[in-house]
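Shared chain: chain A. Partners: chain B in the first complex, chain C in the second.
Moving on to the complex of A and B:
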């Protein structure tokens, strides 16, 4: 029982981050109907920028964080402006392929910089852990979870209550109609990529506090994609739920099966989940069976 | 005027009908130079879909300041395409203006983006009354004000819109996907009004609505025209209703304007009655093209 609780707690805490990665993909898809597989790279670069500022250059925490967010939003901006925007009006598949090209390119750049070595991440989060009758709860991961929950809240509230959020929802429903109502859909795409890149970089920093910067860091993007798919691609709440489920599933199955099978269950669990989604519920938990676009 | 007429007939020696059209064009541009306030004018617009399908074959029409102009025609004649050419929504479906120009308020507005057209003061209310279905009625209306920079007037305009369409006031928090056809028609027109347009392009507002509702909606159009000074280009298949509130009307067939005149005259016109109002004496549907040639000629001239 203690085991089960332990696996579940860690699963939930990790799942919170998966949810955040998932939602970065969801908001881009929701607005522009482009499935991005390059978000893991945005995440990894966010983590890397922060490391360079804080460890490499010795800047204070707040400045490193601020500069990382600025660089991340520039990345989001340039990706939209120079790789996505020229493809508006082309079949969606070409935009998808473009994110694949970005994946290859950014991954190459990232791995080249890393040169196979691990960069230890600075310990700026509270260290140590709580012990609830044998169930260990690491403080740093709780902070990560709260941050990602907080970001979800802000995102949901601004979609609901701000004018630009309203325009984004209108764009998500129908590009042509939004344009006819005077919404600059192109600008909305830009905003969405910027917001998405910022959130991805934050999730990257949070993830790296747990895993350090290590060559597989970008591949958390795949987990984000699984979360987005499972949540239905268009649903922010769906992504939240799907991330938590993936975290739980992965940790519980790994906790019980790894000692028997000798490890590696975590990633298998994610792919099994992906397979099940694609077979049983191709539109995800909260998905809509409609795809249209400018 | 004489040199202009001469110029026109020199330029187009062949085809007497062409002659008359271009004469009309010259007269039109003369009108613009004189500058009678705001006006929308299309000159010789040609529209092609997917690079091959020629749909509009030289449409020339104008909507003068403060007027309601009807554009009548059968299914597939090119009415919606004409509106989309004006609102630049053509671009979103592989349509292109290959010839001619559209001028509004003294400025060329073809080759713009749809959202820029809204900024210029032209709003298209699309056929089929599409709403943002997952948004509430009021959210739909606020999206309609997207083109506006300052947000101060939005509250007041919501109030204005609810006064014109009182039904919507009680439904402001309702998700718009569940509205009935009539309510939805009111919603999409209100959403258009939230952009504070000078000109509204209405595409078949009466389609599929009960006669009483249609009458209500047309009354509101007339009131908006009188009180807010909004002018309208009204596309309709319900020709009688449209003519009853319009100042001027055009008849489009097969991508060409085949007739135009003051609405009061068209309403009395035998051919219009026969073909578009379904009051045929012979009881057989005819194309307007079959109607005696000299009649059409006379109208172009006179």
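Moving on to the complex of A and C:
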């Protein structure tokens, strides 16, 4: 029982981060119907920028965080402006391919900088852990979870209650209608990319405090895609739930099956889950089923 | 577009792939050239060519399933791995000869591919892409966790041999790879203009409409996956016996992305496009490999050993530019060139 609780707690805490990555993909999809693989790189670069400012250049924590967010939003802006916008009017599938071209390009840059090494942050999150009768809860991960939950809340509320959020929802509903009601759809696309780049970089930093910055970090973006698909591509709340479920499932199955089957269950569990979802409920938990006509 | 004055007078001529004697000369000349390359070319060049040919086989398979049948597949390296490991296991553990193991590994990869392609019956587009990524990871996990495939270290299959003649050098292996590529190219070229190829195109363009017209979607989608994975399996088997080493590190998701990139750059839905894409990207790789010492000299902060990352960046950049400026790839440029060359003084062949 202690084992089970231990696995679930770690799973939930990791799941919070997965939801944040998932939601960055969901908001881009909601607004522009583009599925992005490139978010894994946005995440990795966020973590990398933060490392460069904090460790490489020795800036204080708040300044490096701020500069990271600025650089991340610039990245989001450039990606939208120079790679996504020229493809408007072409089939959506070429936008999908574009994000994966971006993934390859940024992957090269990421590997170029890392050169096969691992970069670790100094400990800026609270260290140590709480012990609840054998169940160990690391403090740093709790902080990560709370931060991502808080960001989630802000995002959901600003979608509901701000003017830009309203415009974004209108754009998600129907591009042409939104445009005729005076919403600049182009600007909305830019905003969405910037916001999701910022969120992705924050989740990247949070991820890197747990795993350090090393090569497979960009591939957490694929975890985000799994979350987005599982929750339904249109649903922000779905991403939250799906991220938590994915984290739980990964950790519990890895905890119990790894000793028997010999390692690597964590990733495979996620992909097996993805396959099952796609076969049973292709549009996710809260996604809209699409009706096709000739 | 034909040059002026050339007409098809018989049915045979109308359906011929090779139309004129110049065409025949060019084809035979190319094949003869390919056969004589090892006589004068350097070791490095032969290696590069074999590498290109193996990749061409995989990309041809991908071209059939993605370019023609419209079902995107990121699972190609996993099916290559299935082929490679199958042929290694058959030759090492069961004592099969390479010549039997080669087609069998193709079929094994094809069967796994049918299982892998099963989600395409329900989903399409990027949902299918995600499903194939999942299949990729699951397959690779199974391969690296089975005892018979040597766990993480992999296996070292023996080189093929006929009687006492062992194909253990790069030049000898080049012949096997080249001949396999020629046969498979011929097969693919004919396949896509047969009834089956036309059905694939119909499914790609609008699968609902194709179904309404009486095409059995399930059968043909799975068939497309089978054929493409058969190609991948053959390529994997050749690669394994050429390197005399197979392990999971040779088949990564990045390879899958590269293959997709190759068919985009070459041109989706075109057999010559597969060649263009592979050759273009392999040459780009080599270019980056050669130029990276100079680049490092110029920009010392790049650091040593940056060639791989630099070529990855170059690849990404080229892919971005192609998607924006020429989404139909080099194959379309080639068609435009051919038309304008044939109609030379006149200009109305350009589309």
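Basically, the second predicted complex is superposed on the first by the 289 of 294 C-alpha atoms of A that agree within 3 Å, B and C clash if a C-alpha of one lies under 4 Å from a C-alpha of the other, contacts with A are read in each partner's own complex, and residues count from 1 in each chain.
Rule of thumb we're sticking to: a contact is a pair of C-beta atoms (placed from the backbone, for glycine too) under 8 Å apart; a residue touches a chain by one contact, two chains touch by 3 or more.
Fair warning: this is a prediction, and the values are worked out from it, not measured in the lab.
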item: Joint occupancy of chain A by chain B and chain C, clash or fit; value: fit
item: Contacts of A:30 with chain B and chain C, given as first, second, both or neither; value: neither
item: Touched partner set for A:166, first chain B, second chain C, both or neither; value: first
item: Partner chain(s) touched by A:174 [first = chain B, second = chain C, both, neither]; value: first
item: Residues of chain A touched, compared between chain B and chain C (which is higher); value: C
item: First, second, both or neither for A:271, with chain B first and chain C second; value: second
item: Which superposed partner A:119 touches (first chain B, second chain C, both, neither); value: neither
item: Partner chain(s) touched by A:223 [first = chain B, second = chain C, both, neither]; value: neither
item: Partner chain(s) touched by A:93 [first = chain B, second = chain C, both, neither]; value: second
item: First, second, both or neither for A:39, with chain B first and chain C second; value: neither
item: Arrangement angle, chain B at one end, chain C at the other, chain A at the vertex (C-alpha, nearest 10°); value: 90
item: Where chain B and chain C come nearest after superposition, their Cα distance in Å; value: 14
item: Chain B/chain C common contact set on chain A; value: 294
item: Chain C-facing residues of chain A, complex; value: 35, 83, 86-87, 90, 92-94, 96-98, 100-112, 115-116, 219, 222, 225-226, 229, 261-264, 267-268, 271-272, 274-275, 278-279, 282, 292-294
item: Chain B to chain A touching residues, read off their complex; value: 87, 89, 92-93, 113-115, 118-119, 123-124, 126, 130-135, 139, 142-148, 151, 191, 195
item: Residue ranges of chain A touching chain B (in the complex, touch as defined); value: 163, 166-167, 169-170, 173-185, 294
item: Chain A contact footprint on chain C (complex, rising order); value: 72, 118-119, 122-123, 125-127, 129-131, 133-135, 137-138, 141, 144-145, 206, 208-209, 212, 253-254, 257-258, 260-261, 264, 302-303, 305-306, 308-317, 319-320, 323-324, 327
